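Sharing a structure here in structure tokens format.
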């Protein structure tokens, strides 16, 4: 790319923890601003632009009006990158889709006022369920180095690469003791790597917050979990914590 | 040069991963996705044999194995045809004449042109498979007297994907060789030639003497099985079939493991093989 | 071969001295949680030579998981520079099967095109071997390893009654122990041999190692590949922890400034789904079973055919790290033996 | 100067989440002054229902990235209260330390990246990278320190990994703690420099006061963050957090997807200024002196001064962290066993997060499955106070004109440091 690409950041329903990872780049923020021209980033600066080379989208789509907004952004952007698991799959917000009904959900949260129009919501969607997404950066939250590697790749005209192998690889590289050996149930064998196996390395089982690899072997996982007395429903529940939609056959 | 250690200049001298520099001297679009590139290695010739490949480097992007499409020559130039399919190939496509690339090689085995002397040659090429085969075709044409009948079959998906169209025109017009081509479908384009997969050309060949002919087969993975079946129908023995295989490759020097099929490293033991030598390998074709 | 001995405490002080001298990095086995890893030592008190197995084999020092090969300025093809980091190191306490694996790696990186990045690191290292003192339930090294350890070790140690018997295998080893309180050995060869064999393996491969290549060759169509493949996560743990696996990927990385770039190699493995994917998307080993077979073939057929040594050294790490509990060669061969089927031995 | 003012700031910038400001004044008559929160509602209370007890903090941490540590603790405390789980002093110390890390993280980020541009009248921190490079480097240094603290103790800067029900899944090493302590001690000078910078800009803080009720935690040992009971300037005896519903009294309004709250007055304020007003006497020496230097000397009714209180709390976070680390260095750092005593029950947990007091309440069945939940978020509690501040401010300052009015109202919202995305899920759910 000749001149610096014009970059914008947008957020939808999410905790904004992923854009926080960008603030957490510290000195690298300065490097980033040398590489790209940030023209719109509501949390950080006042300003906007008509068109973008790259739009980074954080958050899930949960309302009609969000859908219109994201479509408009898509039209004005050359590349659109979904960053963070909310944008990638709906993330944790997708949990509400698993409940009996959305009215029930609204009632539980807003009580008698649940029907007020501005509280309207529909089943949570990942961004690519609404518009075309060029690249995904998974994770809850994203890994800031992975974010940088994607930005660099795009700036160089390279296809960004996100691992298609499980968290186990990174866990073994860090020479962790396998959590299964400590009697914990870990989704590492299915989960998409890229986080450096940060949870198992801190003694906590992986919840697959980055989604799964392209072809997760769910049946094999099922067999393992059965050994730990998990029922099919519990397994499903476990795997969908971060909005992954597994088909556990059985 | 070595960071905080003692091996100093040695690593610079001996690293098998260090590319040399070549300059892009000409460039020509061939199809929507394929372009022709001519490089100059300055200072010395690449010293390759027909059918070999080299690793092309773009600093910052990566490295990709690419076949050398020109026949061996004494000058410092060599030619490639590259399909824009990903990061490195895209970066090569955006180079301008005068730009430099990194190159390692040549690597791999070559078409056994010496052993083929005095024989008939039957080239069966599919799509981008014509690119490596061309180095042998041009070599044979340069040394036309050394070989008996030369037949070239070329097939591609649709007319828009034909490569080396000028040369093909020339080959068609030569009366010392036979050239036949086909497309899988004309896809709405003007095309009055053959339509059908490459194997449909085989029955059109007359008087092929399987004992005196070597078949050189290069094309996409799926092509081999059917072409070899066709050649068997023509009574070709496996010793007379030569193939060039593609595999994922990273190092080009038999270390990284990506191109391994059974106990063979395609980058070193191939990519050119006698079919007879690899047919027992379950993963070969 | 000269045989010496040293008391455990003298050995530790010897190491402390080596650490202080800083002529080389001193690496040893240390405890991490309830298991063991190789790590650089700051002093000898963390050293835990009484170990069953380490998580990763010592290959991580000769072919680091992420290794710098070249430096350059992005966009400038004339700027490529080969780089290497081969600071001298001494690795203490390598079990004999891991040494056998290093022998295999040495051959892979030195034969054919010689890989200086690996070889320099190896040349600048001192390998201090040790016969295992602790049982490991998945180990079957005795049934697959012969004498390879002595082809690469500089020193071999055997623990006996609170002392280490030290076999001085190479000149480098002899040089290394100068200045330590190594004294004349007074045990008989028989006693030493018994000590070497004191820790038993529970596991062994069910057929003799010489026969395995042929056996595998005849069982290309055995159902084991399908059956085990079905359970495999393609997680690559088994190849990552394997001391004789050295496949790698090569990548370019650039600084955020885009002004500096590196070409690195990183560990890769044939069990990962995309390992054999070509640019046109064609995957030459698409099925899990094919990848599973390839890995076992590599250990049991391809490497032996190439190097005339069995390609698996029986460390048992793969079986230990496999969540699906299928990776171990013993397990695979046993299954094949137990499920002999008509027509498989074509 | 015209008597007509029309302000319509759609999605105010440099705040976390979405908020709108609408002011419509014709001929001096106020038609509308409104602080609106149109953020997409997210329904966390419904999302945790049916999940296992050890997953609940993982989920509710995602209410807000910036306060993820605080949410994690409020959640863990509520779960522990529901099941009668006692935590060790070690776990408590680590939690408190981690919470201070978050306070520092968040306050630095907010004051420096979001508020300082206001005081310098520029549109963002980005131009300051060039014009005020040194200050920015100072800020990034402090921010990185805060992040490293969170990473060393929590395992990750955001959405902490190690903080689990009843324990920490992994301990920092003594060496890490020693390095951290050294860096914290060194940072005191940087903080003083930062305070000087803020002081030099403090002239830009509008002169405005409105006395309101200030709600925060309090305890007799220290300036409260992790532990305590609820206090306000309108009550004499602290109230147990269990009775929080009677204090926050949430209600739904039409201009907002976030709920509003009130206690003894029409509205109340939570956050740094509320904590300061209630507990300033407990500030240790250094923090107290910085407060004095920045013009905070006792109770203060100017909401804009919330940012100054945040600076003071940055100093406190560092002072107190050093103390805790000293304590930890004398303790054996041993990872504790997982809690296995699962019981049915209901519990409330409260902590002070950067934006104010935060309550979580859960009910679990005997299998440890969550059956109902309620999270009351500080930003929410402030919405009503912002609205009333707006009304008073506009009426008192009609003369300054539309442009400056708009600017100052935005600045006021930012002064509250609203974390709007997290405020949009509350409830009135009936606990049986």
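Some points to look at:
As written, the chains take the letters A, B, C and D, and residue 1 is the first residue of each chain.
Going forward, a residue touches a chain if its C-beta (ideal position, glycine included) is under 8 Å from a C-beta of that chain, and two chains touch if they have at least 3 such contacts.
All figures in this text were calculated on a predicted structure; none of them were measured in a lab.
Graph distance from subunit A to subunit D, where chains that touch are one step apart, equals 1. A separation of 37 Å divides the Cα centre of subunit A from that of subunit C. Per-chain Cα centroids separate subunit C from subunit D by 51 Å. In whole angstrom, the spacing between the mean C-alpha positions of subunit B and subunit D is 65.
Among the residues of subunit B, those in touch with two or more other chains are 60-62, 86. Multi-chain contact residues of subunit A, defined as those touching 2 or more other chains: 156. Residue positions of subunit C touching 2 or more other chains: 74, 254, 258. Every pair of chains meeting the touch criterion is listed here: A-B, A-C, A-D, B-C. Those residues of subunit A that touch subunit D in the shared complex are 11-21, 23-24, 26-27, 29-30, 33, 38, 41-47, 62-63, 66, 91-93, 95-96, 98-99, 104-106, 108-113, 116, 118-119, 121, 140-141, 198-199, 201-204, 207, 237, 241. In the complex of the two chains, the subunit C residues touching subunit A come out as 32-35, 37, 55-56, 65, 74, 230-237, 240-241, 253-254, 256-258, 267, 269, 272-274, 288, 321, 323-324.
Listed in rising order, the residues of subunit B touching subunit C in the complex are 1-7, 10-12, 14-19, 21, 57-64, 85-86, 89, 100-102, 220-221, 246-248, 250-251, 253-258, 260-263, 268, 282-283.
Residues 68-70, 72-88, 108-109, 112-117, 120, 124, 220, 246-252, 254, 258, 261, 263, 265, 268, 270, 275-280, 282, 284-285, 290, 294, 297-298, 301-302, 305-306 of subunit C are the ones touching subunit B in the complex. Against subunit B, in their complex, subunit A makes its touches with residues 153, 156-159.
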